[in-house]
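Here the structure comes first, spelled out in structure tokens, and everything after it is commentary.
To keep things simple, chains are lettered A, B, C, D, E, F, G, H, I, J, K and L as they appear, and every chain counts its residues starting from 1.
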């Protein structure tokens, strides 16, 4: 770890089935460009409603990854 | 939206299976009298225990809806 | 408890003598219309001053009760 | 004030021009049924955007008023 | 309840499938030595990532139980 | 004080009469095994209700004491 | 009220008997030099312990009063 | 909405006239590169002073937009 | 800046027209005795109501200035 | 301690070398006029940057001391 | 990690020289009985004052370790 | 300052020796691409442990810099 610097970003994932799935969706998408993700911390959970039904579970999470300011 | 006024209330839903289901239960019940619900924001999650088993998942959520002070 | 839904409301009680009494006043009044109250959670305490004397102790509490949206 | 009990509710007002106006809108509407409002405390401010323009300023406020459980 | 004293502890449970399961794991383990657990309150949720997959859902919860300082 | 290490624990006391008494109950019980307690910090106050009466005032407090990991 | 400016200060009162008395002590002392105090808001409660006994209840409160920068 | 992922960023806008204008400035600038902004949530307000005058009202807001990790 | 010490105080300004004006009122009054004010941070906003009208916008702000303990 | 009243103030100390030194600077300066300081509680830490270098470590702390309203 | 359960405890370390050293003192002491400590999270920093000098830097940290309820 | 817009990012720095050094490491790295950094605000401090030793002090800080959405 030595003197590494990490960046923290906040993303919101959605899923029609569960908050677990919403976070997995965030991780899948973020992993395409960010290397070495290790923990997703939940900051907030909510649910989008249409009619009397929940149509999307949403999870706001923070992710940290190695900061490469020049790329 | 213009100059509408919304009211925010806090409800607790319960389910024997999941927090997602607990929130859906809140939404189903509240939708019987409140129109146009759009988001349920999770404020707190807990679980009721009997013996060594969780018997109910509980979710405290806030809902907003159009405020009709006279009805 | 099954799939019940509870509502949470916030009330402020006052008493000339103590915060314990202020919360009892809230509970007495709320119990006239709300059934099955079980816990009053203190959110905030303050005191109203006149001259150099405290004339009222005030306690803001949350109460939860079974949500009956149709009544 | 003696042993009065007050209720606290949370409302969201909107205005196309300012947050001050949004809170005035809440107060105007709530005053139609609630007597003796004295303070509106701001809990949250946000702005609704369409295109690159803010179309509504929204203010979430709490109001307190005398609690009359039977009315 | 009279003059009982309760202790509050904070535990973290993990599960490969869901946060509900993670909390059940905490409750199962804690129930081996702690009697009369009644509520697990969620303090924090996160997810452990390996590659682009969530490998563990983790829930930090607080539990309360009767305090027996001599045992 | 030099390089001492202290442990912080969280306990809940109850009393039928007041929160002051609830905290004294915590202190009395904890003092049987913990030496040199100096401050109890209130984290949360609530009241247990039965019928329309408060039957127990409960105070959640943190206590610190010298940490003796081996005992 | 017009364009008045108020100052907010934070004081800690102590009492051997109760938190209500601790706040009254703050108010009595502050009223000797500050005019027109109206509300004391509780920020924190704790208790000082000696042996197994509480010897002082302490309340940290905020007070506001008219700001007279030149006096 | 399905399984979309959103990113949340935090920006600070400034204006010599009002906080409403400061947020509009943020929205105008951010809209040049971010599509489909819908809400700006206020996190903090302050004012920059020179001499005895406020020279800038500053608003820190969060914005969310569709996350396109590759662009 | 070297080893300077600053003091932070909390003031409440009021205005019949806006929160911006309320903060300017605080700054004008405080600047009569405090030198070199640079930022006013908003801690809380509320509005005083009479009838159904807002009669004063109030802003609680913190100011910092060079600490001169002897003056 | 009996019925003493304490005042709490918030100061910011700075140091080119460390936050420990910044707090010591606050304590040294405040001790010239305030008697019997016992604890400095850190509320916030930041660092002032010039170029790519930290030129000052700043610590915002609260101090309490005996309140003598008349002096 | 599978279905492991972790316990979180809160300890306060002290040092005459720095907060870094205070946390190292906590870790050294706790490691005598707790295996596999990996992170100490700072919850609060303060400093004990005697005369005009800081005599101890104190750091309150949380540690997590594998929960073995039977040992 | 006029109508400038600033962006706020959150970075984590690490150092084997101190939190001051960890923040300097963040600043050094971020300054390679971000111009005109002025303040790093500490959001969280922790320490990574191996064996009974702290091997890295980590500081999570927020930085603000001029927002250039097109670059």
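Just so it is clear, a residue touches a chain if its C-beta (ideal position, glycine included) is under 8 Å from a C-beta of that chain, and two chains touch if they have at least 3 such contacts.
Because the structure is predicted, anything quoted here is derived from the model rather than measured.
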Chain-contact steps, minimal, separating subunit J from subunit F: 2
Option in E-F, A-H or J-L whose residue-number contact pairs overlap D-I by over half: J-L
Reference subunit C; chain at largest CA-centroid distance: L
Subunit G on subunit L, rotation in degrees - Cα superposition, rounded to nearest 5: 120
Chain at maximum distance from subunit H, centres defined as averaged CA atoms: F
For subunit A paired with subunit B, centre-to-centre distance based on mean C-alpha positions, whole Å: 24
Subunit C-subunit K separation of Cα centroids, rounded to whole Å: 39
Subunit A-subunit L separation of Cα centroids, rounded to whole Å: 21
Distance from the mean Cα position of subunit K to that of subunit G, given in whole angstrom: 33
Set of subunit F residues in contact with two or more other chains: 9, 18-19, 32, 45, 48
Chains grouped in pairs wherever the two touch, ordered by label: A-B, A-E, A-H, A-L, B-C, B-D, B-E, C-D, C-F, C-G, D-H, D-I, E-F, E-K, F-G, F-K, G-I, G-J, H-I, H-L, I-J, J-K, J-L, K-L
Subunit B contact footprint on subunit E (complex, rising order): 18-20, 23-24, 27-28, 31-32, 37-42, 45, 61
Partner subunit B, residues of subunit D touching it in the complex: 9-16, 25-26, 29-30, 32-34, 48, 55-56, 60
Touching residues on subunit F, where the partner in the complex is subunit K: 1-9, 64, 67, 69-70
In the complex with subunit J, residue positions of subunit K that touch it: 17-19, 44-54, 57
